[in-house]
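One structure is given below, encoded as structure tokens.
Should a chain be cited, it is by its letter among A, B, C and D, assigned in written order, with residues numbered from 1 in that chain.
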Amino acid sequence: MEFSCESVVRLYDSDAAGFLFFGAQFRFAHEALEEFVAHIGQPIGATIRDRDVLFPVVHAEADYRVPLAVGDRLSVKVVVRALGDRSFSMAYRLLLADGREAGSVMTVHASVSAATGLSCPLPERVRTAFAPYLTAS
Amino acid sequence: MEFSCESVVRLYDSDAAGFLFFGAQFRFAHEALEEFVAHIGQPIGATIRDRDVLFPVVHAEADYRVPLAVGDRLSVKVVVRALGDRSFSMAYRLLLADGREAGSVMTVHASVSAATGLSCPLPERVRTAFAPYLTAS
Amino acid sequence: MEFSCESVVRLYDSDAAGFLFFGAQFRFAHEALEEFVAHIGQPIGATIRDRDVLFPVVHAEADYRVPLAVGDRLSVKVVVRALGDRSFSMAYRLLLADGREAGSVMTVHASVSAATGLSCPLPERVRTAFAPYLTAS
Amino acid sequence: MEFSCESVVRLYDSDAAGFLFFGAQFRFAHEALEEFVAHIGQPIGATIRDRDVLFPVVHAEADYRVPLAVGDRLSVKVVVRALGDRSFSMAYRLLLADGREAGSVMTVHASVSAATGLSCPLPERVRTAFAPYLTAS
């Protein structure tokens, strides 16, 4: 299954070269991740407030195929790429209105105990909520 | 008349003190401004692409009343505070779901010729489109 | 007394209109504030880690006089504008290499107990460290 | 040869989980890139102003090994990882004061004609200036 949400390229996402600043693509990815976890009942606000298990990014990567301009409307498609014992990976595709893939992002998140700062097993509630969106590349 | 749009406080809007980084409130204001100008038929993408008249911010200010947390959903209310010969002012109120005003922003924009970089009269098309939203404080 | 530090306008501070995105000027101000408090022995890292008293921004404003381009080198001049019982105000001037004032920023910070979230007296250590930089406008 | 510059983790780089927001690591990388190209006589301000050949990021990736806190001082080490006919790759290592590698970044830049938006050969002046820093991984 795939989760989908909408984004718009804002002035603050652009730079003086005239298009998206590459770092801003990670903003779209994280916005989509926050919408995704809210949708599956694991809202990020509660995760941070509870300070039980956190899921910091340990690896991130992005590809850029089409220069994005201010005002471009994007559909961001989210899937779970991997569900490990102590980590998970997310994949995001940024589609323009005409269907072209403007860019893609991948993030790998560790499961970390907020109390100890150490790696810990992925909570069952996360595994269960994410599982329907697990999609091989 | 008042324009309204929705925003969400994202992880990247927050800081290590646990709440909204103050500078991020200007992101919400500008996002709302971009939605507003799109709504009235003056989309920012075209304004930048045409490079005829630009509207840089010459003054900005913000008040902060309620600490905002990641995941908070905001309704941003936009009005035109002033329409001058060569500038305009916008006011934004950020409302939480329970109706409390979490913060407010004001931005003053000059009308500047992209060719010369000098102040120029506010284009009639902008004045006409903005006028219905002109609201004294 | 005045504190001074250096900054550079980065690509990520600019936008597709070709110059500084207005919100980025608050980044320069906060960078200068962080350098200032480190200089006077009240580093922000410790303030956040200790979670005793925090100093959230309750009001911020900025003026923009010269469009800033990527690569521009700035000297940021910092003074304390006011030292109240439960708040303080900072003023920042952004100077270009040729001495022109490109912009200015003001931030007002409340003194807030991290435990209760309520207003509290400005700690004496802060008042003492800030006092030499108190400068009327 | 390796280029080195200094950075500080700022409040605006952090998030409510208490550490560096992962996207901010790309800010450090680009800041270091801008310092590097200034050092070798190819300042980014001139590149953007001249609008001859631009070097947009077509791929970026980052690894995160140590959580970074506000106030942490970083030494960013920059090398050229590859110099292709129409692209180049940069590698960045973020070192803490105690020598630990907190994170690393890689960016791949295409050589693109600003006039046509199409891929073009890497200018000789860039190849010559970058060559001394070419370092296999």
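We adopt the following convention: contacts are C-beta pairs under 8 Å (C-beta built on N, C-alpha and C of every residue); 3 or more make two chains touch, one makes a residue touch a chain.
Nothing here was measured: the structure is a model prediction, and the numbers come from that model.
Annotation of subunit B and subunit C: jointly contacted by A, D, touch as defined at the top. Set side by side, A-C and A-D show the greater C-beta contact count at A-D. A straight line joining the Cα centres of subunit A and subunit C is 32 Å long. Centre to centre, using the average C-alpha position, subunit C and subunit D are separated by 27 Å.
Put simply, the C-alpha centre of subunit A and that of subunit D have 23 angstrom between them.
Among all residues of subunit C, those that touch two or more other chains are 11-12, 16-17, 19, 23, 27, 30, 48, 69-70. Viewed as a contact network, the protein chains are fully connected, with every chain touching every other. Residues of subunit D touching subunit B in their complex: 11-12, 14-19, 21, 23, 69-70.
Subunit B contributes residues 8, 10-12, 27, 30-31, 34, 38, 43-46, 48-49, 69-72 to its touches with subunit A in the complex.
For subunit D in complex with subunit A, the touching residues are 16-17, 19, 22-23, 26-27, 30, 48, 54, 56-65, 67, 107, 117.
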